[in-house]
């Protein structure tokens, strides 16, 4: 990988690392109302919806970082278009702490669920576009093409789950949130069972 | 590229990545007034000016990061002057979240528009100075000189758009903000159509 | 080390660097009550418990970063499982500023001490799991195996100190906090006296 | 430079990059009191002391980052002691945004000036210690030793300026702040005129 390409990857990693760390910023206790063990436990319990939003959003960035990591191992070149699509992807990544705060505070409102789902759909779409563009323009190592096609299908699948949950939010927001959680768990479990990379292949 | 040079690039990347991610920090809903779907939609709509400021500022850092990325591919050496100018450039980069917050909250005030434009002018000027200095002092790969001259012209052009919008802000702040937006869109479109780099050249 | 592996290390470093820097965010003076030297000194003194929490949490991330740094020098391959465990470890790292804020504000409450200890136990457990998994799955340089076993023992020992301090917090929270401090000091002193690495070995 | 050593440098860079970017977080306008151009200008002017603190603190991190950057080009090995001293240095770096906030809000109080100076003295001391330790323990490229001795003298000189300004703050805080500013300007000017590094030397 050339240094210029490496720098794109590095900048993306840094942005994703900052966004994932800032997610926890929404976890905060109101100091004033905590006076003893009981009130502290009560306030911690009241953080439940925010913690759910934090955990889901952490998993979302983790999943997309993993995807970015996996695909950029096959990218050997870049052009202006790839740069622009990657920045568009990061544009949605940096908004995730904002969307997570909305979901954490107002998760029981269909609009909050729909707005969050819309943000994640945009992230999934630009992520899928990134890989589609890279392969179409011949910026990837063609020997790995089948692997990439399989990846795109799954990347698009996640984006579609979020797209479908936008209207679903207005019918049953709980179901929409459950659909995300299930999708993320499936992704993580699949990732776990991916067989170890040979030293050579990982190089 | 030597490791010492790489570290300068890395530090700059990290600062720009943090600044671009912190921009979204200004997007926040007042929890107290959100009680149902209608009030949530109303508060989201009220975030309009802040979202505009966020999007413009994201594009500004993206454009300057792209510029920094593109030029440092040609820088093969550094000296104290380059280090100092680069730090001066970063001095204005880290202030962007502050300027974006002013624009987001008071964008309809000419002073806010002028202050924001002044900050971006300073960023554009130090960025242009960086490349001018690097080429004048022979710190770049001379084989790439024409490319750099072309780049300087465009970098300076952006800086001048922001300089011109300082007085313009007091006459018609909407026009000044429109001028930035148009400039940024032109830059992104141009970037998109830049032809793919050969593997060799990108190395 | 392959680039793909390097990127995992880099992302982890970035997350730990951000989390360690955000810890200081909880150190803040209430401006309103500071009017002269006396009130400033009084407010600084009142920050004592928060400063203790900040310093302990800084040491915790420093210790785990050092551990991560030390072990990944021996990891030569990765698979999906290592990726998932590493992300689980980071999931607890990003929560540390939140836990530190609880401890800083309510350190004298057993529940706060227990919650903090639980978070650190989870961090220690995933960290230990990371190394156990890596060696079990043959992802490390086997020539270094004894070194790793020694490391796991100590990593697990730290995790157990935090586990033991969960019930201890309800009996004597001061003793629990003292146990952490002692453990961290022992670790740092041990680290100091580790003999210098030969150039070759460090490579 | 080995990868293990590179990771220490990287982690330090990331922490310094985050700390330098967070400095601007203290620049914030009170939205409520800004209603027109006049009140905006008035509030911007009222930010003066905070801006001074921000600019000085930015220069301080820039100077120490430059120093760190310059010395680590000569470090070829590390041991536990170097790791611990480097983390101690970073312990003071992450506190700078907190100290800058105190100085920005209460700069006219001798205690605020003294506390800030004490923090910077600690940073300067650990920074000097880092280089002294590295050379004493033979962790640096001995061919560069005279350069390092010269560097240590200047690094110590900066630390002493801050040490001397602790008592000075109680006599004339303005003079103490002037001494820092002058020292930082001298450092930056000196840095500017450092002659360009040969390609070979920079490698």
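Order as written gives the chain letters A, B, C and D; numbering starts at 1 within each chain.
Note that in this section a contact is a pair of C-beta atoms (placed from the backbone, for glycine too) under 8 Å apart; a residue touches a chain by one contact, two chains touch by 3 or more.
A quick note: this is a predicted structure, and the numbers were derived from the prediction, not measured.
S.K.: Report the chain whose CA-based centre is farthest from the CA-based centre of subunit D.
M.R.: A
S.K.: Subunit C-subunit D contact: same residues or different, taking over half shared as same?
M.R.: The interface of subunit C with subunit D is built from mostly unshared positions.
S.K.: Distance between subunit B and subunit C based on Cα centroids, please, to the nearest Å.
M.R.: 35
S.K.: Taking each chain's centre as its mean C-alpha position, how far apart are subunit B and subunit D in Å?
M.R.: Between these chains, centre-to-centre, one finds 25 Å.
S.K.: Going by the touch rule set out above, which residues of subunit C reach two or more other chains?
M.R.: 10, 14, 18, 22
S.K.: Quick one: do these chains touch in a line, a ring, a star, all-to-all (complete), or other?
M.R.: Topology of touching chains reads as a ring, each chain with two neighbours.
S.K.: So which chains actually touch one another? I want all the pairs, not just one.
M.R.: Here the touching pairs of chains are A-B, A-C, B-D, C-D.
S.K.: Going by the contact rule set out above, which residues of subunit D touch subunit C in the complex?
M.R.: 2-5, 7-8, 10-11, 14-15, 18-19, 22, 76-81, 83-84, 87, 90-91, 94-95, 97-98, 101-102, 105-106, 109-112, 115, 137, 139
S.K.: In the complex of these two chains, what residues of subunit D are touching subunit B?
M.R.: Interface residues on subunit D, with respect to subunit B: 1, 6, 9-10, 13-14, 16-18, 20-25, 27-29, 31, 34, 36-37, 40-41, 44, 55, 58, 62, 65-66, 69, 72-73, 188, 190-199, 202-203.
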